[in-house]
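Chain naming follows the written order as A, B, C and D, and within any one chain the residues start at number 1.
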Amino acid sequence: MNWENVSQFLHMGGYGFYVWGSFGLSFALLALELLLLSVRRRTLLKRLGQIQRLNTP
Amino acid sequence: MTIVMWVLKRDLLLAMRRKSDVLTTLFFFVIMVSLFPLGVGPEPQLLKAMGPGVLWVAALLASMLSLGRLFAADHGDGTLEQMLLCPESLALIVLAKTAVHWIASELPLVLMAPLLGLQFGLSGDALWVLALSLLLGTPVLSLVGAIGASLTLGLRGGGVLVSLLVLPLYIPVLIFGAGAVDANASGLGAGGHLSLLGALLVLALLATPKAAAAALRISLE
Amino acid sequence: MLEAVSLECMRGDRRLFADVGFSLAPGELLHVRGRNGSGKSSLLRMLCGLVLPESGEIKWNGLNIRRSDEYKHSLTYLGHLNGIKEELSGVENLRINCGLAGSDVGESAALDALARIGLAGREHLPVKVLSQGQRRRVMLARLLVASTPLWILDEPLAALDTDAIGLMRSLFEFHLENGGMLILTTHQELDIAAKTTHEIRFSS
Amino acid sequence: MSTINWYKYASPASFYGLAGKMIPGFAALSGILFIVGLYIGFFVAPTDAQQGEAYRIIFIHVPAAWMSMFIYVIMAIYAGIGLAFNTRLSSMMAQALAPTGALFCSIALFTGAFWGKPMWGAWWVWDARLTSQLILFFLYIGFISLQAAIDDPKRSDRAGALIALVGVVNVPIIYFSVKWWNTLHQGASINLTRAPSMAHTMLAGMLIMALACWMYAIAVTLYRVRLVILERERHSTWVAQLLKDMK
């Protein structure tokens, strides 16, 4: 095991900001992509549903 | 006369009747280059180091701005459709048009560049290398630019879009072109850079007209 | 002989037309009618090979036009854009346009054609000083010197006066009598004598 | 043109359903691999003698850089197939891949900066790899904005394909020229990707993270291509039926 306790783990030998910044931002961006995609899906389905309701009286 | 000769004749005639277009590109280049000393200060050592890069970047931008004229007018008045229908390979026609475009909007820059290089304190040797590198490099810019120009025909915001498409592809030319002058200044000799530029030119001559012709077909459908 | 088999055209996700077919023999006329935006121009551009059909095939003398080298030599297409340059004179425009199409036309032949179409005295003026109708005539003058068997014309009579329309009609009839083929769209009613007249009418 | 209608075999309608079934598997695989990869990266791999703990950034940086290059090539291949054989589905795949590729490219860029600050003392150094990565990002942006600027889907597919192919031909030239430029101007000597003492565990961690990113990219691309299919095919009867079934 590399780390004796949590604070050492978070400290990353003095590079905590850079290491956690990298990983944090990376996964945040991936999560953002997923979020944007699900929003896009929802709006698309809503719009298609509306169009269909207009076309089938 | 063959069809390609007609294209050459026509485009040269048009370039001569629209001299102001030639001059606007040239003056854009001159103004661009003159802005840098005003921006970074007149320190001779710094200017001498920056000179080749500045001249090359300015040539890149001037070339990119002039791309709008390559096909847009012919697209607007329907001549481009006629060129697609004419019994001659479209790639050859694109090559002819690009050649005239280079003569009208890039050759003046190449001739003007050594003069502007004097403003940056480049030595006589460096000026020669600069002119030679531009002579070999700017045709590549026109050829690669033709692809971007034909892809963006008739699109809204086409001018900005073409820069996004084309500028990244210009990077190797910029590196070898400006590098040639630097290499000459540092005593390494510009031969390597210049031959790489020549290789790029041959590659571009072989490959880009076909790609631009395909792009024109896509854009006009 | 031009043959079109069940052509379909899509613009974006709108179907402009489907199942359009005809065959056109020498001396025959095809008149394409319909309102603006109904797909007339798209059909004409498709017949030239500028637009790929979504489905279907166009054949020239039995060969798909994409594979026929002869087709481009046989075709004269005039679109709704004039295809002429403002900075050049009428003669220059005419000679260059013919040159681009692969036929060299001499100075005197070009002058003659321009005179016949009613531009005598204006041959050497830059086109930008001419009126819309006169510019149209510069473009149409190509038909007077063209030797191609197939003409595809999109609204050739737009902006022309009655004299010029009469001239064009007799030119079309002359072309058809000599075994030419003609495909055109017009807004106005126009009686052209032809061996056979086909008609395609786009609704919607 | 009488090309074979390949899309009869890979029709968007049937692919829509297939993709929907494949997404959960790839997503789950990606999640598990991320956990394993991160565990190896942080708890198993030892501290680097020269770079200290900062080197652990490679576990995300290198996989992202690989993915960004890999996706660009795959995208160009799909786009090229779409252009050559007129297969709509492959053009849609190319369109769906681009944003994820650009995302990995930007991840590679800023993790490079996060590593550069403590190692080189500057957020950005004109190192050959970072510079090429930046240019690759520009190429992605060019592709995406060209496709976005064209309304007609057919023209958009073909124009995008052409610029992607031109880009893919140029990438080696660009990479070579940047490298040449960098050696002439004496770039930074330590390199992020050449961790001096690459232990086996480090390599394993990096590969597993790369695999995780790969699975993620597949899942997200399939998800996005489903949306693209729905948008493009919104007038077809099968989409209408699908919407009815959803209610």
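FYI, a contact is a pair of C-beta atoms (placed from the backbone, for glycine too) under 8 Å apart; a residue touches a chain by one contact, two chains touch by 3 or more.
Every value quoted in this text rests on a predicted model; they were computed, and no experiment measured them.
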Subject >> Innermost chain, taking as reference the mean of every protein Cα atom displayed >> reply: B
**OP:** Among all other chains, pick the one whose mean CA position is farthest from the mean CA position of chain D.
**Re:** C
Subject >> C-D compared against A-D, more contacting pairs >> reply: A-D
Subject >> Distance between chain centroids, defined by C-alpha means - chain C, chain D (Å) >> reply: 48
**OP:** Indicate the whole-number Å distance between the mean C-alpha point of chain A and the mean C-alpha point of chain C.
**Re:** 57
**OP:** For chain A and chain B, let me know how many angstrom lie between their CA-based centres, rounded off.
**Re:** 43
Subject >> Intercentroid distance (Cα basis), chain D paired with chain A, Å >> reply: 16
**OP:** Check each residue of chain C and list the ones that touch at least two other chains.
**Re:** 52
Subject >> In chain A, residues with contacts to at least two other chains >> reply: none
Original post:
Do you know which chain D residues sit against two or more other chains?
Top reply: 154, 234
Subject >> Inter-chain touch pairs (all) >> reply: A-D, B-C, B-D, C-D
Subject >> Contact set on chain D toward chain A in their complex >> reply: 38, 42-43, 45-47, 52-54, 56-57, 60-61, 64, 99-100, 103, 106-107, 110-111, 114-115, 117-118, 216, 220, 223-224, 227, 230-231, 234, 239-240, 243-244, 246-247
Subject >> chain D-touching residues of chain C, taken from the complex the two chains share >> reply: 10-13, 52, 57, 64, 66
Original post:
What part of chain C is in contact with chain B in the complex they form?
Top reply: 45, 48-52, 69, 72-73, 75, 77, 79-85, 87-88, 92, 96-97, 99-102, 104
Original post:
Residues of chain D touching chain B in their complex?
Top reply: 135, 138-139, 141-142, 145-146, 149-150, 154-155, 158-159, 162-163, 165-167, 169-170, 173-174, 176-178, 180-181, 184
Subject >> Residues of chain B touching chain C in the complex >> reply: 1, 3, 5-7, 9-10, 13-14, 17-18, 76-79, 81-88, 220-221
